[in-house]
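Each chain carries a letter (A, B and C) given by its place in the written order, and its residues are counted from 1.
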Amino acid sequence: MWKFIHKLASPPHFYGLAAKIIPWFFLPGLILIIYGLYGGLLLAPPDYQQGDAFRIIYVHVPSAYLSLMAYSIMAISAGIGLIWRLKLAHAVAAAAAPIGAWFTFLALATGSLWGRPMWGTWWERGDPRLTSELVMLFLYFGYMALRGAIDDTAKADRASAVLALVGAVNVPIIHFSVEWWSSLHQGPTLMKKGGPAMDAAMLYPLLAMILGFTLIFGALLLRRVRTEVLYRERRTRWVRHLVLSSAVEKK
Amino acid sequence: MTAKLTADSLTLFRGERCLFENLSFALNPGELLLLEGCNGSGKTSLIRAIAGLIELESGEIYWDEQPVRRQRQVFNNELVWMAHRVGFKADLSLVENLRFESALRRDSRHDLDDILTRLNINRLKRLPVRSLSAGQQRRVALARMLMSAATLWMMDEPVTNLDREGRSLVMTLVSEHLARGGMVIMAAHQDIQIDFPVHTIQLQ
Amino acid sequence: MTDNQPEMPGLGRGMMAVAKRDLFLAWKRPGDVLNPLFFFAMVATLFPLAVGPSAEQLEFSGPGVLWVAALLAMLLSLNSLFVSDFEDGSLEQMLVSPVPLAALSLGKTIAHWLTSGLPLVIVAPILGMTFRMPASVMGVLMLTLLLGTISLSLLGSIGAALTVGLHRGTALLSLLILPLAMPLLIFGARTVSLAAAGDVVAGGLYFLAAYAVLIVSLAPFAIAAALRISNE
C-alpha cells in the first residue's frame, strides 16, 4: 500500500498515470453535464415561486460547491506538501488555485445574474452566499499573488502553503459570520436551506450537474498538475527523454 | 558515530541548482571545520543549513548522537551565529543590545565589561550601534560570541574585509575558544592558519 | 522545555524580553506609533465631511466607519513589523535563538498591539462623538475594538511575516489580510450597531472573544513558520 503511494508521489509515474485517468473523468463528466443541462433547463417544471429564473441553480450551485472543494483540495495538498515535503502535493495546490478561482467567479456571475430578475439589482447586499463567495475569490487571488511574488519555486510553495492553511481555518468562520450578519439583515437568500423538498425532476439534474462538474474539475486539475510537474521537473532526465522521444516521433 | 557534531548525507538545492550533495562530516570539541570555496560556491548556504536557517533537501545533522531536528532548542542553545548582517538594533546601544540577547539565553556570562575591554570597545558601550563603524560592529558581534556560553561558534566569513589587526583578533579568539574545548565552523574563502585540528570541506 | 534540560531559557522570559525591546524601540521613534493613529483619526473625521451632517446618517454609519478606519490603520502599522529586523539581521538571530520562535513572535505581536491597537481603542470614543454615539454604545465600541485589534495584530502579523522582504509587499499584505479580517469587521461593526439599536450584544462579543482566543493560540506558530520561510 505504501509502495503504491510512494510510486504515485513520484512525478514521472504520476505524469503517466494521470494521462490515462483523465479521459475517465472527462467523458463521464461531460455526459452528466449534458444530461443535467437538458433535464434542468428543458425537462424540469418551472418553480412555483421563481418561474424559470431558478434554473440558474444548475450552474450556480455546482460552481459554488466546487469553489469550496477546490479550496479544500488546495489547502490539504499544501498542508501535505509542507508537512511531508512532497513536491507533487505542492504542484497539486498550485494547479488547483486558478481552477478554483474560475469556479468562484462563475458562482459569483451566475449568482449575480440570478439576482437581477429577483431583486432588480446585480448585487444584493444582504445575501450571504454571494458575499462569502466574493471573499473566497479574494482568498484565491491572495494565494496566487503570493505565489507570483516569490521567485524561488520551493519558497513560494511553502509560503503559499502557510497562507492556504491559515485561510482554511478562516473559511468556515467567514461563512458563519456572513450567515449571522444576513440573518440580522433579514434579506432574501438565494437558497433556502430548510425549504420545501425539491421535486425529483428538479433534483436529479442538479445532482447530475454537481457530479459532472466535479468530474470535469478532476480532469482539469489532473491536466494542470501534469503541466506543473513538467515545468517543475524540466531539467530532469525523464522530462528531457520525454521531450526528445516525442520530437523524434514527430519527425 | 561518537563525534559531538555529525552530518550525514546533506543535500541542498537552490532553485534548480544542486549546491552540494551527500555531504558528510564529523566534528569534535577543540576542532575547527572550515568551509572553503569562492563566492557562490554554496559555503554560505551550507553553514546556514547547519545552523537551521535553510531547509535541507535531505540529510540529517546529529548533536550528541541525537538528530538536531528533534532537539532544536537544545542545539540552538549550544550555538552562536555570526554573519555579515550583525543583527543588532541600530537605535539601541551596544549594552542594550547585548543585554537583550543574554535574556534569550539562560547561561550567558556576566563579565560584560571585561569582554568589552578586551575587544577595545568598552568606551563605546553607551553609544547607539548606528554610530559605530563596521569594524566596531564586528567586534560587538564577537562580544556576542564571548558572552554566550555556546559550545559551537558558527561564523560566516568572519575575516573578510578585515585589516590585519582585526583578522588576528578573530583568530586569537577562535584559538582560545578551541583551547577551552569549544567547536568552530567557519565559512571563508581564504586559507586559515591555526594550531588546532582543521577539517576542510571544499565547495565548488 | 523538558525537565532534564535545566538550562533552557524560559518561554515567558524570552517573549517579554522581545516585547520590552520593541516597546523601547517604538518609544525612540514615536512617529511609527503616531502615524497610524493619525490615519485612524483622519479617516474617521473625513467621513462626516464627505457624507454630510445629517444626524441619522452619522449615527447609522458610525460603527462601520470607525471599524473600517481601525482596520486600515492596523494594516498601515503592520507593514513595517518585521522589516527592520529582517534587514539588520536580528530576525536571523531570533531564528537561531534557543527560545522557540513562536514565543518570540508572540512577544513582538504583543508590543505591536500595545503601540498600534490599544491607542485606537482609547481614541475611538472621542471619534465616536463626531458620529453622535451615545456613551453606552461607546463602551461596546471600545470592547469590540479591544478584542478585534488583538486578533488583527496576530492575523496581520502572519501576513507581514509572509511578505517581509518581498517586492511590493505592502499591497500584497492588504490583499492577504483583508479577506481574512472580514469576520472581525462584520462582527465588530454589527455588534456596535446592535448596541445602538438597543439589541442584545452578547452574541457578537462572545464571537469576538472566541475568535481572539483561537487566533492567539494558533497564530504564533503560523508566524514562526512564515518567518522561517521568508528569511531563507
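List of remarks:
In this text, a contact is a pair of C-beta atoms (placed from the backbone, for glycine too) under 8 Å apart; a residue touches a chain by one contact, two chains touch by 3 or more.
Computed from a predicted structure; not experimentally measured.
Comparing the chain pairs B-C and A-B, the larger number of C-beta pairs in contact belongs to B-C. The chain with its CA mean position farthest from that of chain C is B.
Annotation: 32 Å between the Cα-based centres of chain A and chain C. The distance from the centre of chain B to the centre of chain C, with each centre set as the mean of the Cα atoms, comes to 36 Å. Here the CA centre of chain A is 48 Å from the CA centre of chain B.
For chain C, residues touching at least two other chains, in rising order: 232.
Only residues 51-55, 73-74, 76-77, 79-81, 83-92, 96, 100-101, 103-107 of chain B touch chain C when the two sit together in their complex. Those residues of chain C that touch chain B in the complex are listed here as 1, 5, 7-10, 13-14, 17, 21, 24-25, 28-29, 84, 87-90, 92-100, 104, 231-232. If you check the complex, the residues on chain B that touch chain A are 13-16.
Across the complex, chain C is touched by residues 135-136, 138-139, 141-142, 145-146, 149-150, 155, 158-159, 162-163, 165-167, 169-170, 173-174, 176-178, 180-181, 184 of chain A. Partner chain B is touched in their complex by these residues of chain A: 152-154, 235.
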